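For reference, the structure is listed below as structure tokens.
Each chain gets a letter, A, B, C and D, in the order it is written, and its residues are counted from 1.
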Amino acid sequence: MTDVPETIRVGVLGARGRMGLEVCKAVDAAEDLALVSMIDQGEELFQASDAGAQVLVDFTNPDVVMDNLRWAVDQGISVVVGTSGFTEDRLEQVRGWLAAKPGAGVLIAPNFGIGAILMMQFAARAARYFDSVEIIEQHHPRKLDAPSGTSMHTAKVIAAARAAAGCPPMPDATKEEMAGARGTEIDGVRVHSIRAAGLVAHQEVLFGTSGETLTIRHDSLDRSSFMPGVLLAVRHVLRRPGLTIGLDPLLED
Amino acid sequence: MTDVPETIRVGVLGARGRMGLEVCKAVDAAEDLALVSMIDQGEELFQASDAGAQVLVDFTNPDVVMDNLRWAVDQGISVVVGTSGFTEDRLEQVRGWLAAKPGAGVLIAPNFGIGAILMMQFAARAARYFDSVEIIEQHHPRKLDAPSGTSMHTAKVIAAARAAAGCPPMPDATKEEMAGARGTEIDGVRVHSIRAAGLVAHQEVLFGTSGETLTIRHDSLDRSSFMPGVLLAVRHVLRRPGLTIGLDPLLED
Amino acid sequence: MTDVPETIRVGVLGARGRMGLEVCKAVDAAEDLALVSMIDQGEELFQASDAGAQVLVDFTNPDVVMDNLRWAVDQGISVVVGTSGFTEDRLEQVRGWLAAKPGAGVLIAPNFGIGAILMMQFAARAARYFDSVEIIEQHHPRKLDAPSGTSMHTAKVIAAARAAAGCPPMPDATKEEMAGARGTEIDGVRVHSIRAAGLVAHQEVLFGTSGETLTIRHDSLDRSSFMPGVLLAVRHVLRRPGLTIGLDPLLED
Amino acid sequence: MTDVPETIRVGVLGARGRMGLEVCKAVDAAEDLALVSMIDQGEELFQASDAGAQVLVDFTNPDVVMDNLRWAVDQGISVVVGTSGFTEDRLEQVRGWLAAKPGAGVLIAPNFGIGAILMMQFAARAARYFDSVEIIEQHHPRKLDAPSGTSMHTAKVIAAARAAAGCPPMPDATKEEMAGARGTEIDGVRVHSIRAAGLVAHQEVLFGTSGETLTIRHDSLDRSSFMPGVLLAVRHVLRRPGLTIGLDPLLED
């Protein structure tokens, strides 16, 4: 385990984007973190190393994130990445760079919402003990896809847990169904997508068995909800050399 | 308005069926009602008139309910009917019998759940003030049809209220939908049917507009939930000569 | 009924305050309304009359609102008021001014959230039909008072409806209670106040009777949720000469 | 690990009590279990050994359960116990008997509801990641105590997890509180007890942090909900020699 300093010195890449600004505010407000560098498009990365940054947070875009990562790892600076677009090829490249710099750590997460990640972990844990499970996700009406990515991922981890435990198919006597009433099916798990004005991003996982139900519900109201997860990653990445995918490993101890 | 006695004398037809037994218990427990006659298959209707019944409650079956009604109206006895199978033809017949006996009242209701009826009335009232509305109904997995009859009826009253108020179509930017994710559509209102062990009969109507949502939810756990509605009908039918359809008019003052 | 023009010309007082800005945006976005005047502290009211405003919306403060109202009524301009601090004395003064200008209307509302008002109306309607009712209100942890004003008002309208219908006391066998577990009591209705980070402003009214429950829930996420109510008031005030208190009368037809 | 037979032979003590009857039905319906003995007050325990019972399920009462346990352990028969009244003294005695019979296992659980146990485990896991947490428990109005035992236990495990992680006190700016509005406090965790007709047994644990909430809710409708937990215990107790307290260890792998 790398030695963790009292105060972690943090730089933010993409510091003037919507997420970057939130990260700057959150780092600045955290007592154990110091915001030492804010870098955006057209500005030089070495400002971060000059300022002594130990961890960078990257919310930029798929076009520049790989260059940022190569530079940071080369400098021995760890990085928390929220930028999207990581294919298996890209991950392999990052692993290669890290192999040459054993001290540095990179944590790439598709989702920094701790509540959403816990919801998925709990759903996976509960899956084997209930006869039935359905997912109801609710979003604002400007959303383009249905169901949501999170609900599809949740359905898959539930289906995998049920398969591993040898659960039988869920009971369902439906004979007459108007098309779509019973939702869509992801690996055998029914998912229902609600879209309404006034909603933001919500998901409910409903488990049921003889005489009881267990419901896990996550409500996300704004992007500040991702900050606790970003800060958690910043605090852990110095102790996790190499590549870490997702926040799950940080939430499992 | 007919004079209403202090204690109403009640007879039950179909008294040994599941609903009939519940009605007998509920009437017996009500201070302002007296259970004077319990009649089931093979027993004579005139036991009820001999016992001085002023109101009969009929939970029998479509084969015998018309004979029961003709006899009761002929005797000037009012009837609360929970038996199904009433076509417009049958209703016309009952109206004819009642025309000849101006004192008697018949109340025929497809649903005695006061909570469900209020949910529908409130949904109709709220409909015009919100941009979006969707219905989520949840039932035990032995149910054969999806969506439920109540949810379809609710969707229709909402759609009618929105049409009357000139509401524009609901916002929905969905471009990529996995088949069924967005539920089924009843007169333009999306309905989602959940089926899971541990559930009984539940429905949620979700209204949303800029920055707020209003949710009306009904949970029904067992058939005792219909008894307050049956007793309400018994208490009102003596004051309502002629034919009354549904509990709605009793809940509107 | 006063003749209502195709497009209503609207001025906003307190136009640079948080609520005032939201009102300006909302009026500007509405097809049937024209934003003709934005006035804030230190600016002259007659800019509004010069611009031909037919309705003013006042979100200022208790120190200036009475002067604003006297001026507007004197000009024959109708006003929708969201400013607080209206005692019975103040209301009496406003009634006096309006008596002298029969064409003008003033609508003063403590709450423009349509969802919250409907919740209260529905709660009052449902109250008599259920044995039990409790209120659970949930707010962010920066709130100073518990319970919330809305929950207290809801409890009072429920209690009044139950008293008018002659409902018996609610069943409650609690013998051993840790202090506070059963919440506080407003006119015999239990109210529970939840405070947690991540919440905004939410309220649930839970009705229960034998075998069923009916829940009415309101979730308010931001102050944009008041705009539909403000616009509704703007559209109605021209047709309602004299003083109107609250949005209730507008939501009752 | 003891060799587990294909079909486990089960006897039920207290077989004509309410829980005992449910257990008999559940064992009888399970394909991998055989109901070989039903014993109630005044009947001889050795009927169970004569019938070759491998596991006994005891839902009797505190007066006889210790005698039942001593006899069963002496015979080398494992026992699943739902009877209450186990003090630390009693547990010590049982441990003593088991020490002398290394093959036998005894599992004593205060609660066989798998959903409730998972709710508590998840609450303990989530506790450290959120600024705020409150518990809302809802029960029928015939319940004598408030708050419920389950809610108090949940509050304690949450408080312990927060203490272990060094969480600061929860934010709460309440200045003016009507007595009881903010519920009762168990180890620093607020608990609110709702009582209403139509409810059975429900609990909600609400976690909140900046911009998001996570809610875990358990609804229990009847005592059949305990049967999956009883059967799980029956299947595991043969493989767990010695004393096991609660279902938790069975739900953790």
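One rule holds in what follows: a contact is a pair of C-beta atoms (placed from the backbone, for glycine too) under 8 Å apart; a residue touches a chain by one contact, two chains touch by 3 or more.
None of the values given here were measured: they were computed from a predicted structure.
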Query: Comparing A-D against A-C, which pair counts more contacting C-beta pairs?
result: A-D
- prompt: Which chain's mean C-alpha position is the greatest distance from chain A's?
  reply: B
- prompt: Which whole number of Å gives the spacing of the CA centres of chain A and chain B?
  reply: 47
- prompt: So how far apart, in whole Å, are chain A and chain D when each is placed at the average of its C-alpha atoms?
  reply: 34
Query: Quick one: chain A and chain C, Cα centre-to-centre, how many Å?
result: 40
- request: Scan chain D for residues touching two or more other chains and write them down.
  value: 130, 198, 207, 209-213, 219, 221, 225
Task: Enumerate the contact residues on chain D facing chain C in the complex.
output: 130-134, 136, 138, 141-147, 170-186, 190-199, 206-213
- request: Would you tell me which residues of chain D are touching chain B in their complex?
  value: 198, 200, 219, 221, 225
Field: Residues on chain B engaged by chain C in the complex (per definition of touch)
entry: 113-115, 118-119, 121-122, 125-126, 129-130, 207, 209-228, 232, 251
